[in-house]
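Below, chain A partners chain B and then partners chain C, in two separate complexes.
Let's look at the complex of A and B:
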């Protein structure tokens, strides 16, 4: 039963890698900027899953800690990149009415 | 006998969750690659990412049993359940704020191996452009 669980994990890790490769295609050929952001975000989620599966494959717990860290960093990076696209600067308070709102088009 | 039965149940439940999660992950990736428009791609990616991630992590939790590993996996599942829809919402909100237009009308996905019809773009008229610019600035 141990070996069949091992093969199950290896198979799902390989399919996760295939999904990541498909997302790389969208990342390289995305027509707009937001397609690329979407592809990077989804790629990060799949990386978290792959790390969790991989740490169970090799039988060590360290990979799961890295997966927790990667999940948090992925979310923060997406929000930071979107804020940078919108305001062209990261040094802006995101509260409403703080005097840093962009001009109406 | 009893332990063997328990192991078999653990394997089959874990296999069901892992296969379902992998199916959703692959379906989301294919949707992101093949759908025509940014908003439809977002629709494919956002929901399948959340569901596939939760199912794969549930399968791993069933494998790990009651231990520190399963506690950490539960933490990852909780964080992904919070952050993945939020990130989707933020990306769509940013694209909408940047006035990205959705594609309207009929669309047929390109078949691999088929030669797409070549559209020849008309030459831009040089006199028409500055007029449009000045109109935009005046507004």
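Let's look at the complex of A and C:
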């Protein structure tokens, strides 16, 4: 029972790796910026899941902490990229209507 | 196939993706994609650090690499173009030579490294064993790394914190995040390298032509 659960975890980790490789292909070849933003975001989610499964495989609970940290920090890069793409600047506050009149492309 | 441990196979998968991402960062021209690929690189390397039992390093990599450095790279990209120009092959040969020599020297030095967990290696023999022996009695902490960083070498860590704070402050001022972001543009030889997004730059260019 113990070993079957172990191999189930290993199999899930390998399928997550395959999913990460597919997302990497989309990230490299993505024609538009939005494909790449979506691929990076999904890649972060896959990494969170992979770390959770991997910490079960090696039997350490510390991996769960890092997975939670990733889940908290994953959106920062996405928001920064999208804000940069919208306003061409990083120090404009994201309130409705602020700065969009003068900075909108 | 059956005698390879499963974690080693997962490690090899992670390393293969790291290699692909590294080559893509070198070859791609779109700076947006390169910034995002660097975030992916740090995600992958932190997962690899976890599998190497270096959980504290993985924590640092997750916080710095995936969070802050992407934003700083975007701020740096704000001051330049969005596409990189290809470098001529003749200019790359010298750096390729240096990198090859350094890589060969590092591979040569692998043979001199102590075995993993060797009790007689230099890191474990002298002061390291004293730290490990004294942590349980002098400092009531379960983690020896925390005891070394925060107590035995507390002044060292304090100096590192000051250095990192100064470096962060310098980078923020350099990127113009003190309120001048987007108002200053790099203009070598009077050209507006940031493109024609600024109406000021447009009128200046019109004046000169």
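One rule holds in what follows: the second predicted complex is superposed on the first by the 96 of 105 C-alpha atoms of A that agree within 3 Å, B and C clash if a C-alpha of one lies under 4 Å from a C-alpha of the other, contacts with A are read in each partner's own complex, and residues count from 1 in each chain.
Note that in this section contacts are C-beta pairs under 8 Å (C-beta built on N, C-alpha and C of every residue); 3 or more make two chains touch, one makes a residue touch a chain.
Keep in mind the model is a prediction, meaning the values are calculated, not measured.
By the touch criterion defined above, A:49 reaches chain B but does not reach chain C. Once the two complexes are overlaid on the shared chain, A:37 sits against chain B and chain C alike.
In the superposition on chain A, A:84 contacts chain C only, with no contact to chain B.
Residue contacts after overlaying the shared chain place A:66 against chain C, while chain B stays out of touching range. In the superposed model, A:58 makes contact with chain C only, not with chain B. Applying the stated contact rule after C-alpha superposition, one finds that A:10 touches chain C and leaves chain B untouched.
Residue overlap on chain A between the chain B contacts of one complex and the chain C contacts of the other covers 20, 37, 65, 74, 85.
Residues of chain A touching chain C in their complex: 7, 10, 13-14, 17, 20-21, 24, 27-28, 30, 33, 36-37, 40, 43-44, 47, 50-51, 54-55, 57-58, 60, 62-63, 65-66, 69-70, 73-74, 76-77, 80-81, 84-85, 88-91, 103, 105.
Against chain B, in their complex, chain A makes its touches with residues 1, 4-5, 8-9, 12, 15-16, 18-20, 22-23, 25-26, 32, 34-35, 37-39, 41-42, 45-46, 48-49, 52-53, 56, 61, 64-65, 67-68, 71-72, 74-75, 78-79, 82, 85-86. Per the touch definition, chain C reaches chain A in the complex via residues 6-7, 9-10, 13-14, 17, 20-21, 24, 28, 32-33, 35-37, 39-40, 43-44, 46-47, 50-51, 53, 55, 58-59, 62-63, 66-67, 70-71, 74-75, 77-78, 177, 179, 181-182, 197.
By the touch criterion stated above, chain B contacts chain A in their complex at residues 4, 7-8, 10-11, 14-15, 18-19, 21-22, 25-26, 28-30, 32-33, 38, 41-42, 45, 49, 52-53, 56-57, 59-60, 63-64, 68-69, 72-73, 75-76, 79-80, 83-84, 86-88, 90-91, 94-95, 97-98, 100.
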